[in-house]
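Some notes on the structure that comes next.
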Amino acid sequence: MTQMRTDELAELVRGRVAGDGATVVERIADLEHAGESEIAYVENESFLAVASESKAACLIVNERLSEQLPGRTLIEVVNPKLAFSLIGAALHPPVLREPSIHPTAVVAENADVALTAYVGPNVCIGEYTRVGAYTRLEAGVVLGANVTVGDDCVLHPNVVLYDGVSIGTRVILHAAVCIGADGFGYVRHELGYQKFPQVGTVLIDDDVEIGAHTCVDRAALGRTRIGRGTKLDNMVHVGHNCDIGERVVIAAQTGISGSVVIEDDAVIGGQVGFGDHTRVQKGAIIGSKAGILPGKIVRPGVWWGIPVQPLDQYKRMNAYLNRLPQMYERLKQLENKLARIDEILQDEQD
Amino acid sequence: MTQMRTDELAELVRGRVAGDGATVVERIADLEHAGESEIAYVENESFLAVASESKAACLIVNERLSEQLPGRTLIEVVNPKLAFSLIGAALHPPVLREPSIHPTAVVAENADVALTAYVGPNVCIGEYTRVGAYTRLEAGVVLGANVTVGDDCVLHPNVVLYDGVSIGTRVILHAAVCIGADGFGYVRHELGYQKFPQVGTVLIDDDVEIGAHTCVDRAALGRTRIGRGTKLDNMVHVGHNCDIGERVVIAAQTGISGSVVIEDDAVIGGQVGFGDHTRVQKGAIIGSKAGILPGKIVRPGVWWGIPVQPLDQYKRMNAYLNRLPQMYERLKQLENKLARIDEILQDEQD
Amino acid sequence: MTQMRTDELAELVRGRVAGDGATVVERIADLEHAGESEIAYVENESFLAVASESKAACLIVNERLSEQLPGRTLIEVVNPKLAFSLIGAALHPPVLREPSIHPTAVVAENADVALTAYVGPNVCIGEYTRVGAYTRLEAGVVLGANVTVGDDCVLHPNVVLYDGVSIGTRVILHAAVCIGADGFGYVRHELGYQKFPQVGTVLIDDDVEIGAHTCVDRAALGRTRIGRGTKLDNMVHVGHNCDIGERVVIAAQTGISGSVVIEDDAVIGGQVGFGDHTRVQKGAIIGSKAGILPGKIVRPGVWWGIPVQPLDQYKRMNAYLNRLPQMYERLKQLENKLARIDEILQDEQD
């Protein structure tokens, strides 16, 4: 159990203590459930009532709201959620593994494993593979040949890296992530399909985190890339030769076909589908379940729907759709009226 | 091979034998392919013709239909499909594993593994983890530290339970299921993303069955829960802090964002997507591929579409959509007619 | 490193050399990045400009285009992409594994493993299981009891085959593929759900390739089948009792419910969802993200949308949808005009 004083924590997040800086906390918690030795955060004004009832030993608040919580031990910051996250990381550090290679691990003789690395039970490390300092390979991880894993990485159980894949520093790969399987490419001939060569590789840059069961395929030729600081949720599929930029966020079960480019700082929802050779420009936001046709360029802005369109347009279209029954009725009325007018005119002409 | 007499089986399902109760059966089969020592079931009237041709040694039928299969050995019950399922479980019991710990398993010294449990090859069991009576851990299963697995569970190959996860009794987890990976939460700051703490846990209650490759993320704070008797298909994604009730059924590839509540007895199709903080009320039924916007409350009834709407409304809307070409034509005709009338009136006024 | 002369390669693909047949190449590459000892291909006319700038030692071109690349070493063929694929396979043969059983593998005594097979670290092979000649089982593969794996197969790390599953020859299963988990079937009763028996099996025919993390469930009764030469991408879900024909192609994250039939030579996009008991007829093409209602028959042709419809019809419908705002305006104008005419007629009648 880690114990830290409020004033230490405040320093960590460049905040200011109000109240007793000597208050000790051990754990983070949410406002409602926080108890004696726990710290919680007040996201915004709407949580003030809950906050004042909270039993937390210390609250992280925006400096503007500090006055409204008199008599409490507070850490005042600009961004309470961010401060809470940093404090959480300090109070709940990742499991510490003693540097070691488990006797059941199978490590190629010419592999280069840092002395400070942890290699868990049943891990396999292929020829000429390099594992960086303080990196943790949990049980059942399989690294092929000529793989590079940087420093301070965590590979959770049963992660598989195919031959030649390269991973940066501070990368987290959750259970069963698969990097570098063959891309999906075939050439049709008269008897069936011939596999198109999949002899490229995958580069995962620093500070990437990838959710459980996500698959990133190797390039056919060249490389598939995931840029620095990008975060992928569970069960995302990244096809061969994709180029995903920096600080991109992609939610669960999204599927990205071959040769898609996603530029920096894009935000992609869950279950989105990308046709091949699409390009998402810097900072675009794509809603969950959207579908993007092959070759499409998605410009900055918020996008939605199948096929994808600007959110405004999508909403407007939905509003028209909702009027459809009413439009149908109005159309019928017009026809009736017109029939009557026709009759009148007919009568007049007769 | 298990052999059972028809009268024994009838007793098992509280049915009544018609014909020879001494008939022995060994296997279940479908009506069409069933042979000499096999038992099949007649779901309803529409299968009577096939049933009378069936070579099955014994048929399970609804008592009302019994007379229409003269001369056959029958088990009469209220619900033939249910009786067939129970008889199938009796005739095809799960593989029996001798209680044992395989020499290649890696078990922490302070782990508490029941004497009647089976721990297969290359299984890893972390510190302070508890494995209940008669539980089967198949090859390559990885249990972290402080995990609890109840009695009579089956964990198929390569299942991963992260630290602190708790599983009830009679739970079945299919191959590569992953419980307790970090939820997907980040706080944006000027340089990129800071991981929001994921320090909660997961509770899986009794009699849950989870399909291959499904992932249930741990809570950020607090817990993610899956209630008693709930069944999840393959490749379902359950985000952090979800609360899924009892006897819920969720088909393959459905994705559930963070903090979603699904109440008891809901039925959810495949490839459905849930925005965060949605709530599905008791007994609601949601069709495959539906999309639910964040925060939405889905009331009892049948729901469909993206975004989700009551099935009636969805169907009505689709009917109007199909009329759209016709409406367009009618609109054009009206315009033409009106133009002609305008002319006539013009002429008159001249 | 494999080295081959251009004339050898030309023979391999039944092509004709133009230029120096003695030119040696070692690797395939794309036109743009190809260097000294590399071979690239010119897919069609539109790549001629890039081709003439290419530094590749040899180019594969269609015989019609050959003249437009004077002074280059060429291999002339009918289908350059296919020839390139075959040459890629020759220059980049799969990793060769010495026939061996790794000391950490756990092989049942009565299993029948070919002398030429490779059984990697931590592989488990169950009772009465048969592994064919020259087959490669990579680290962590788990084969249950009574499994059959044919000759020349590659099972990548952590593949799981449940008891009784049968795999043909030259089958490639990528990392963590799961074949034979229980199908998703339950019978509702007053207290919850009873599992419907899942005692059938799975047959995978020759020359099938299955992408990482794809799951093919065993049949309830009978068998689930995947036909010869069929290719499945990553994270595809194939439900119990499906019958998938020969040379079918299915892209990533598509989900196929129980008892679906997909006939030979169908092409299915990514994230498609199939209701149970649907049938896709020979040669049908279904676009990504399509949804097929239970029981539907999809005839030959190109299909799109949710629910699926012929592409023509889908496009036409989309065109009408785009006219909806305009239709609404025209409807309003008609109403206004008619109101005015009504007034005129009223005046006349007064």
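All chains are identified by letter, namely A, B and C, in their written order; residue positions are counted from 1 within each chain.
Please note the rule applied: a residue touches a chain if its C-beta (ideal position, glycine included) is under 8 Å from a C-beta of that chain, and two chains touch if they have at least 3 such contacts.
Computed from a predicted model, the values in this text were never measured in an experiment.
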| item | value |
| --- | --- |
| Fraction-based call for subunit C against subunit A, same above half, different below | different |
| C-alpha-based rotation, subunit B on subunit C, 0 to 180 degrees, nearest 5 | 120 |
| Between subunit C and subunit A, distance of the C-alpha-averaged centres to the nearest whole Å | 26 |
| Where subunit C touches two or more other chains, by residue | 104, 122, 140, 158, 176, 213, 235, 253, 271, 306, 321, 324, 327, 331, 334, 338, 341 |
| Complex contacts: residues of subunit C adjacent to subunit A | 27-30, 33, 79, 81-82, 84-86, 88-89, 92, 95, 102, 104, 120-122, 138-140, 156-158, 172, 174-176, 207, 209, 211-213, 228-229, 231, 233-235, 246-247, 249, 251-253, 270-271, 288-289, 306, 321, 324-325, 327-328, 331, 334-335, 338, 341-342, 345 |
| For the subunit A and subunit C complex, residues of the former touching the latter | 104, 106, 122, 124, 140, 142, 145, 158, 160, 162-163, 176, 178, 181-182, 184, 186-187, 189, 191-197, 199, 213, 215, 217, 221-222, 235, 237, 239, 253, 255, 257, 271, 273, 275, 291, 306, 316-317, 320-321, 323-324, 327, 330-331, 334, 337-338, 341, 344 |
